[in-house]
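One chain, chain A, links the two complexes that follow: it is found with chain B in the first and with chain C in the second.
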Partner chain A sequence: MKIEGTHELRASRERVYQALIDPEVLKRAIPGCERLEKTDEDTYSATLKAGVGSIKGIFTGNVRLEDMRPPSHYRLVIEARGQPGFLKGEGDLDLEERDGITVVSYSGDVKIGGTIAGVGQRMIQGSAKMMASQFFTAIEAEAQTEAHEAPPKHGFFRTALRWLSGRLRRLFRARSQKTNS
Partner chain B sequence: MANKYVGQRVKRTEDPRLIQGLGHYVDDIKLPDTLYVAFLRSMYAHARINSIDTSQAAKSPGVVAVYTGKDVADKVGPVPCAAALPGLKVPDYRVLATDHAVFVGQPIAAVVATDRYAARDAVDLITVDYEELPAVVDVEEAAKGGPVIYEEYGDNIAYKLTSGEGDIDAALASADHIIKQRIMHSRLAPIAMEPRGVLARYFPGEQELTVWSSTQIPHLLRTQLAIMIGIPENKLRVITPEVGGGFGSKLNVYAEEALLGWISMQLSKPVKWIETRRENILATIHGRGQVGYVEIGCKIDGTITGFRYNVFADMGAYHQLLTPAIPTLTGLMLSGSYRIPAIQMNVTGVFTNKMATDAYRGAGRPEATYVIERAVDLIAAELGLDPVEVRRKNFPAPDEFPFKTATGLFYDSGNYEGALSKALEMADYSKLREDQKKARDEGKIIGIGVSTYVEICAIGPSQATPAGGWESATVRIEPTGKVTVLTGASPHGQGQETSFAQIVADELGVDLNDIAVIHGDTSIVQYGIGTFGSRATAIGGTAVFMAVEKLKEKAKQIAAHMLATVPESVVFNEGRFSKEAAAAAAAEETSTGGAPAASDGKSLTIQEIALAAHLARQIPPGMEPGLSATHFFEPSNFTFPFGTHIAVVEIDRETGDVKFLRYIAVDDCGKVINPMLVEGQIHGGIVQSIGQALYEEVVHDEQGQVLTGTLMDYAVPKAAHCPRFELERTETPSPVNPLGVKGVGEAGTIGATPAIVGAIVDALSPFGVRHLDMPIRPEAVWRIINQQP
Partner chain C sequence: MIPVQFDYAAPATLDEALSLLAEHKDDAKLLAGGHSLLPAMKLRLAMPQMLISLGRIKDLAYIREEDGQIRIGAMTTHHQLESSDRLREICPLLPETAGTIGDVQVRNLGTIGGSLAHADPAADWPAAIIALGAEIVAVGAGGKRIIKADDFFVDMLTTALDPGEILSEIRIPAPQGRTGQAYLKVPQPASGFAVVGVAVNLTLNGGGACESAGIAITGVASKAYRASAVEGAIAGNALDEQTITDAASHATDGIDANGDLYASEEYRRHLAQVYTRRAIETAAARVK
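This part shows the complex of A and B:
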């Protein structure tokens, strides 16, 4: 299954890239992440609570970062297994900076199996998109936080509010661009 | 005998209990102290199992036991395959996987707990160390090479078989046209309304095991379970309570059935497992699953010269009871309702990392009918002839029966033109074609599809069947005059409690309500074969009829003794034995308005004879007391029902949706016992055909994951998808049995799909379409109409 999308983050590319490779940040930002430990150079062991619809459960597995070219690119390889099934995939993240905004494009191929494949297939694209949204909204907040500040919190409502405010801002920007032109 | 019941629309005697919810399916049977079983199933289509850790599950609240493949490997025998074909490879498929998982859904471990939720929760606590192996999913790729499932075989070929008669190469060489087409038959899930279910209870004192199972074959199951579990067959009782549909999916012996029996013996407690719908779609057999290449030769006038079908049949990962035999039924029926001098089928049975295929309503015959009917339509398209004319041109005439085909069969009787012309008349075919032309001019997309099918029923003579092709019946009259019928058939929705009672009621001249038809309990009913292959009425019904005849013969001898005459001068009429002279007098009295003769010493009712037979004081010297007769009926041939189905469809240009304008079916299943039951069978069959043609397909991804794991994803037709059916019959009795019946259980799924697909292809022919593979979804149709490949 192909998964792809883009997200606009209001932070510098360097800050976003740093956030995207910091295990402490990732642990906070990945929805449902309960554990993320470095096991090797650029390799992490993770426990994730995730699911689609009623098919939920705990996945454990490995995450590996490859082909790291700061601050513009890395490749993510993930393999995890749990009661609801398994998932394995790899994808590329590309970061571009435009007018102080970092555009993250991701595209990857994910294979899923077990119950989530048989029951949740129809909803997985949507679910993955939602998780990506939550994740990048959280990363944005992380990247906007200075090192000396306390790390941001990422509860469901907080993330939803941040996502909504981001949307509204973009909408206004689009409007003002329209009236300017 | 007077036909008071046979041929009448008698309401099903089963229905009052079923529609009030008073029937008993497996899950309705509650035994004290029952434990529940849940299965851990493979999440990989192909994997090595390095280790299984059940320690957490075993500690979970309510859990009584956890079993893995290692615990049962040398205790429970392999899942049986009854099909014998030359060179057939039969994998040693165990009830729980030990170190090698070969499809998604394969049972790996069984958890036994005090309730079903505790069992299910504990399944999640088992951890399996899998090593994923490359899966082989596509049947043609699996045949060519790709990952090999069983290393010891070296390839994925289960068997290769060539069948048919005649010089196919010469026949094709003599043709003016040769038409080739690749044809797909997607995998279907039978989706019985009641999933599978097993309850097993072992009494350690008596050393007796009872297994309640939702099956179509209680006796065959008993034999196979006895072998698998190693319990003497006379200590094993299989009970088939109410069964909510089978469609062939319960014509089988499953791992779960043996395992439940064995677990009950270990724990000396009742154990139950009721399949969930998800398990049902994953791990109950699938149907169809063929990819075939058709090559048909014809003369310029449409006369067929030869027909070759090269087919890859998807076995799945192992063989269930009849898996490899299903394509051989395809081979038998490739001649369809046509005279074809030379036919050849080359079948390659192929292992793939998927659940096994097996019999699903029609079992190999829908595939045959579909390819020959599609091929005839292709001939018509190629030659610019009307598809009806091509069919007519190749029909054998009614006086050519028994008709020998190049597949080695003798069709018992038939009048194909009769059914066709009746259907054409009902449809007003020539006007339909004119209307179609007009509608096309108005921009509408309308198509007409015709299928003239013949199918093989009453399976079958024992010589042609893996495990006995006969059927048994016992008929007895109890001392109070009530009639008990024990049938070896195992009806599960067909309504034979009613139709068999109709046969007996007419033959014995008793009231329908005085007859009880008992089936599906191996401790009560003599050995039987079961219900499948549209066999129960033609073979099981005949066995009942023959048993009644035997019973009447004995009753007549008793009557003669009691009436102080010889059996030859006793006549039996409407439940009463009379001396010939008295019978004549009684008839005269009746005709002059008098009451029929009472017990006047000149006549006796069958009930009076029954009592006398049990009291045994007035029976002929040396005669066995009692009034009971058993018959095992062995048919001399299959039967061959036939018919014509016509579908008229309109396609929505905007959405690609297919709408039925009309659906006409004229079916000939020989003599009919109960027209309402026949219509019910036809309705259900056509609906499943609509499902196959338009919606249904078990979809696997490239790693063998089932993507259609729920009824939200696997689309079964609903009432709104079904047209009004216009049904008629012709009646060509079968000479194979004294009832003249042929069978009708599968006619709908066999006859309807080619008509539906034919209609859609006809509708889309202005867009250059000659064939489409099922299921024909709106998207595919829309792309054709909008020229968007």
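This part shows the complex of A and C:
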């Protein structure tokens, strides 16, 4: 299955890139991440409690960063399995800076199998979008935090609030573009 | 196909259910008809440690008329709504929607409250209750709270209910004047869930033009949504073929559609436009 999307983050490209490759930041920002350990150069082992609503599962797997070209690009290779099924995929992240806003575009191909693919197929894309949106909202908050400050918290309500304010911003931007044209 | 071990409680009152929920928090799930929760538990996609059944609570299954509203208890089954003669007369969209859900077994046990609280992105009820401008009554430790249907669905399988709240009632403004309603869907052949489902609730004025329109679409995005652009395009206008076709072309404006193996994003968008047109035409033809 193809997964792609773009997210706009109000932070400089360098800071966003730094956040996206910092294991401590990723551990805080990835929804449901319970463990993330470095096992080799640019390779991590992770445990994820992922899910939507009452549907939840624990996945363990490996994440590898490749083809790193700071601050504009890297490639992510993921392999994970858990009780509800397995997933295997790779994708490219590209960062572009436009007027102080960093636009992150991701596109990848993911293979999903097991129970979750058999009975939850119709919800996989929606869940992926929901988790990506939570993740980038958290990364934005991380990238906006100065190095000496305490890391931001990502409780459900904080993430929901940030997500909502992002939605509103986009909505108003779309509105003003409409009135301008 | 065997769930992990869990505890089970069947309280006799809503208050007891609320205190059990407060006690077990995230480890608990409420059991209504069980036609989404139990399959998920058998597949071990959901593993609640505590199941709180609402089935023994008296007076949660009813259809009443009060203060110009139709009030439906959360535990009212799809079948009870489908077979209500009074609803067929005053708000036919409800029985029509109920009749398209799953199969007979699902409709006999599945409930409107359970379906809404589960917030499956392809469930049928969300479209109907948004189109009808309904309100959801949530009961919590602090008392009653009313949530507009438009604000109730937050994202896939996620609602505006707090973790300690129970959905107790659905309130629908009783349709007044010259109204016409329709729910049309493309069912997924295996599951019966809506690939696309469109609910329409029209009111016409004396001259035959559309006075107000409630139109909502399920199955396309991560949650059911109000098709505001379509509503805006027909409100105030005579419902001729051209107006309806033009309006329906806005069915997915600003919507992030989802795709799966059965139907791509593009196909869902196309179906949404075609079924929005047909649902408006059907509702308009039914105006009395």
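Everything that follows uses one rule, which is that the second predicted complex is superposed on the first by the 167 of 181 C-alpha atoms of A that agree within 3 Å, B and C clash if a C-alpha of one lies under 4 Å from a C-alpha of the other, contacts with A are read in each partner's own complex, and residues count from 1 in each chain.
What we mean here is this: contacts are C-beta pairs under 8 Å (C-beta built on N, C-alpha and C of every residue); 3 or more make two chains touch, one makes a residue touch a chain.
Model, not experiment: these values are computed from the prediction.
Of the two partner chains placed by the overlay, only chain B lies in contact with A:Phe86; chain C stays clear of it.
Number of chain A residues touched is higher for C, counting chain B against chain C. After overlaying the two complexes on the shared chain, residue contacts for A:Lys111 are found with chain B alone; chain C is out of touch.
By the touch criterion defined above, A:Lys129 lies against chain C but remains apart from chain B after alignment on the C-alpha atoms of chain A. Of the two partner chains, chain C is the only one touched by A:Lys56; chain B is not. Contacts of A:Gln121 after superposition on the shared chain: both chain B and chain C are touched.
Within chain A, the residues touching chain B in one complex and chain C in the other are 57, 83, 115, 119, 121-122.
By the touch criterion given at the top, residues 52-57, 83-84, 115-116, 119-127, 129-130, 174 of chain A touch chain C in their complex. Chain B meets chain A in the complex at residues 43-45, 104, 124, 130, 278, 281-282, 701, 703, 705-710, 712-713.
In the complex of the two chains, the chain C residues touching chain A come out as 29, 37, 39-40, 43-48, 118-119, 121-122, 155-158, 188, 193, 221-222, 254, 256, 258-262. Those residues of chain A lying in contact with chain B across their complex are 57, 81, 83, 85-86, 111-115, 117-119, 121-122.
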